[in-house]
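Please find the structures below.
Here chain A shows up in two complexes: once beside chain B, once beside chain C.
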Partner chain A sequence: MSDLVLRNIGKTYDNGYQAIPSIDLTIEEGEFIVLVGPSGCGKSTLLRMVAGLESISQGDLLIKGDQVNNKEPAERDIAMVFQNYALYPHMSVYDNMAYGLKNRGEPKSEIETKVNAVAQMLGLEELLTRKPRQLSGGQRQRVAMGRAMVRDPKVFLFDEPLSNLDAKLRVQMRVEIRELQRKLGTTTLYVTHDQVEAMTLADRLVVLNKGHAEQVGTPMALYERPASTFVAQFIGSPSMNLIPSTIENGVLQLGVDSQLACPQFSTDKVMWGIRPEHVDIVPLQDADLSLQVKAVEALGAETLIHGSVKTSEDKLYPFVVRLSGNHAPDIGQPIGIRVPQQAWHVFDVVTTKRIEPL
Partner chain B sequence: MIENRPWLTGFSHLVLVLGVLVVALPVWVAIVASTHPANAFGVGHIPLWFGDQAFANWHQVLIGKEGQASQMLRMTLNSLIMALGITFGKIAISLLSAYAIVFFRFPFRGLAFWVIFFTLMLPVEVRIVPTYEVVANLNLLNSYTGLTLPLIASATATFLFRQCFMSIPGELVEAARIDGAGPIRFFFDILLPMSRTNIAALFVILFIYGWNQYLWPLIVTTDDAYYTLVMSVKRMLSVPDGDIEWNKVMVSTLLAMIPPVLVVIGMQKLFVKGLVDAEK
Partner chain C sequence: MCLLISDWLSLFMSVYFPQKLLPYLLLMPQLVVTAIFFLWPAGQAVEQAFYQEDAFGLSRDYVGLDNFTELFTSPEYFASLKTTMVFSFSVAFLGLAVALWLAVMADRVIRGAMVYQTLLIWPYAVAPALAGVLWWILFDPSMGPMALLLEYIGIDWNHFVNGDQAMILVVISATWKQISYNFLFFLAGLQAIPRSLIEAAAIDGAGPSKRFWDIVFPLLSPTTFFLLVVNLVYAFFETFGVIDATTQGGPGQSTTTMVYKVFNDGFVGLDLGSSAAQSVVLMVIVGLMTVVQFRYIERKVQY
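Presenting the complex of A and B:
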């Protein structure tokens, strides 16, 4: 049975601003769903609507088949982890985790068993008597998760839980969250603006743009077949190179001197794209396209070459190439690049939607 | 400011020492005067060292002369009841009103806020005649309720709590909602413990405010049983034949000073913490 169903969910604020026009989403039991998008895209609003902290203007929200639109957060049987952890500063770690259970009137002995079990799972046994201010950021994060887990809710909600941690801890906690979620098998809705976090955590990703779900699918599906230029640019780092061009009579007019045969697309104005990692460097005379090198970022394991491509309309478009290993092309000089056709992504210029080859 | 100039340090200390002397001298005189016979002040010079009547003076004020028991204890109790009544009354009312203003959305919320704000401009001294009228009509003259109630209504404490509550992050309120804490649970389990230091700071300020009330008790009480300590000092000065017993006046003054001093010393740490940093 589907755990969490969003049916035609929308949000319009009192001042008439429509944050979310309409979203449909069906989440299966135990699934890890990540809502991802740039700031202001409505992802946090959506999460808060599921939590019950924000009213729902239209549509139905179903948790395990029950419509919960007008239920209080506590009655929805959800648990939420906040970005700034929102731990009660005057309570010990134990009391923080036990508070929700206490409010539900569970017997003391049972609360103790549950809190201790969760504390053990998260490695918090030693810290149970401490106050939140005596903990490090990572420990606070863990307590916040513990507080959510203790209640054994139907749905976990995470609101950018890792953005206050430093980079190293973030990676560590990311892995840990994923492991815990697998172990507990609790349906999870997770909000982030970080696409790496989104890719690594999600069973399925929802890319939001201005309140619309641009695409829903597994991370790999979104990476390999982005449905629009928005998704194409949002998923993957560095983001996909996009160049507006035209296809005429089966020929793609890419650069000034670059015409590539592409019989599988019909005649159209298109947005042509390729991911930086799918581009190869070749001698200029064999190249599909020439790239004016502007900057080189050597990261050790890989090298990013930033440059620009001149189109037939005499405009310059930025273009990034990602190569493994160490390369040192001359800055200011042109290099030849090859763009294999199976790695192309072609989008409609007007609708920005993906165009599939014939 | 961190500077290392010896003459500046010396100068700063000089200023501070002078300040302490200016503040401490009257207190010293009061202590000394309370140890001299009644006429020591009348002869033209103020004694600056202890006399030999300390025990007799204090005994007379605290216990009373033969055949005439002292009212001092009674008045101290009255003062204490009034001060504590005002303090706890104000804290309770302010906490509730600030809670309503900050966390609840209700019609005319802004108006309520401004009405409370407006009362800042109307301390007891300004509205003393109408307030007396109201209290008199309610038959509250010569009662503890009459002493405390008109002084409880005030905006200052509400504002302090409002600021304190507004600095509580919204996520914390939401986390409590998800944890199933309703408005009353949230108030007692989270808001109250988190404003602990602010309450303590306010307690100090309000206790001193309540204890030092002079004009209002003077007007609203005509029965000895409700006289307060601070009032009594004034009453000792207005004796018919001008033969003021300065030694006893000073003993009463000192007695009146002790409780606020104790409160300040006892709650100093919490007081500073409550005003300086909030535990959030």
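Presenting the complex of A and C:
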């Protein structure tokens, strides 16, 4: 049975703002689903509707087959980890974790066993008597996770749980969250706007744009076959190079002096794209396209070359090339690049949807 | 902007007033007012407390601690102490409870809060004597609307003869004015509590009232304690006007608080020595309360 089903879910706020027009999503038991999208796209809204903190304006929400639209958060048997952790500042770590169990009326001895077990799993044994203000950011984060885990809920909800941590800790906690979720096998809905987090954590990703799901799929599926220019630019870093072009008689007119053989598409006006990592540099005379170098970022293991491509309409489009190893092209000079056809992504200019060769 | 001015000021001071004269100059008006209207009369009162003056103010004799011993052996003084306690704690409790309740309501409809805030600040701007008169009229046994209403539901209201009713009336009048002040602090305190804490508690299975008592109330405790002290100080020392306008300490001594007794014994009974001794006792009490409060505030928030 599917664990969590969102059927035509929509949200219109009291002030009339429609944050989410309609979303359908079916989540299987034990799946790790990541909601990703730019700020204000409705990620938190969706999560809070699942949690019961925000009313559902339209559609059905099913948890383990039960319609829970009008149930209180507590009755939905979910647990949530907040961005600011929302630990009760006047309670010890132990009491923070035990609060939900106490409210359920579980016997003291059982609460103690459960809290201690989770504390051990998260390495919090030493901290149980401390107050939240006596903890570091990472420890607080862990306590917040512990509080969620101790109740053994049907669904975990995370709202940007790592965004208050420094970069190193974020990577560490990311790995830890993934491990814990695998071990516990609890269905998880995780909100982030960090695409690396999204790619590494998710079984399936949901890319949200202005309240609707642009694409749902595995991270690799989204990377390899983005359904729209929005997803193409959102997934992958640096993001995909996109250049509007035209196709005439089987020829793609890309740069001023660049004409590439091209299969036929349903439309002539296309948005052509390629990921920075799929581009090679070659001598100018062998090049598919020439690139005016503007800046070079040497990152040690790889080099990012930022430049621009001039189209036949005399417009400049930014273009990034990502190469492994160290390269030092001259800034201000043109370099030749090769764009292999199997790495192309083609989108409809008008609808921005992905299109395939006829 | 403020920073700029103070920077400039300190520069100015270091250049033109090497002896740091300016701070004292600037403080002067306040210091003068304090000296004339507080320190000097306070000194007078302390001195007076050791003398016995005849009713016409023609002569006075040094009597040592007589005024104080008389005070502490007088059952009337202890009656007024008890009255003060009942009165002050009732005012503080009622004022805090009602204000907290209103603040919780206002916090729920945050958008309405501005309206609430404006409306609820009004009573605070009303002079104490007026507040007293207002309630005095409302509860007037023969023509006050509240008294008539009470009579309608079977309560015989006459605070001129019933001491308990008189006490209730002064407590209400004194509390009313304080509610708006308390409300503002409570509302600010409530709005400083992150919403996510309440939401986390809701997910943890706590209903609205449990959330309030387990999460909100403990987190408000610094505000509550501060307000408790402020309200006690208010009820102890600043309610003379309300009592004078409402019950004049009566019937009998039933609403004669310590502050009212200072006035009554001094200006009506013309026993200036005893009156002065009583003010000295009050000064000590207010001093102690201030110390308690500062001690607490120094330790800051509890959790």
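Here is the rule we go by: the second predicted complex is superposed on the first by the 355 of 358 C-alpha atoms of A that agree within 3 Å, B and C clash if a C-alpha of one lies under 4 Å from a C-alpha of the other, contacts with A are read in each partner's own complex, and residues count from 1 in each chain.
Heads up, the rule we're going with is that a residue touches a chain if its C-beta (ideal position, glycine included) is under 8 Å from a C-beta of that chain, and two chains touch if they have at least 3 such contacts.
Worth saying up front: this structure is predicted, and the values here are computed from it rather than measured.
In the three-chain model built by superposing on chain A, chain B clashes with chain C.
Contacts of A:Met80 after superposition on the shared chain: both chain B and chain C are touched. Shared-chain residue A:Gln259: touches no atom of chain B or chain C. In the superposed model, A:Thr351 lies in contact with neither chain B nor chain C.
Look at A:Thr113: by the touch rule set out above, it reaches neither chain B nor chain C.
In the superposed pair of complexes, A:Glu72 makes contact with chain B and with chain C alike. Using the contact criterion defined above for the overlaid structures, shared-chain residue A:Gln333 touches neither chain B nor chain C, since it reaches no partner. When the two complexes are superposed on chain A, the residues of chain A that touch both chain B and chain C are 51-53, 72-74, 78-80, 82-84, 86-90, 99-100, 103-104, 133, 147. Every residue of chain B that touches chain A in the complex is listed here, in rising order: 169, 171-172, 174-181, 185, 189-190, 193-194, 196, 279-280. By the touch criterion stated above, chain C contacts chain A in their complex at residues 194, 196-197, 199-206, 210, 214-215, 218-219, 302-303.
For chain A in complex with chain C, the residues that touch the partner chain are 51-53, 72-74, 78-80, 82-84, 86-90, 99-100, 103-104, 131, 133, 147, 151.
Against chain B, the residues of chain A that register as touching in their complex are 51-53, 72-74, 78-80, 82-84, 86-91, 99-100, 103-104, 133, 147.
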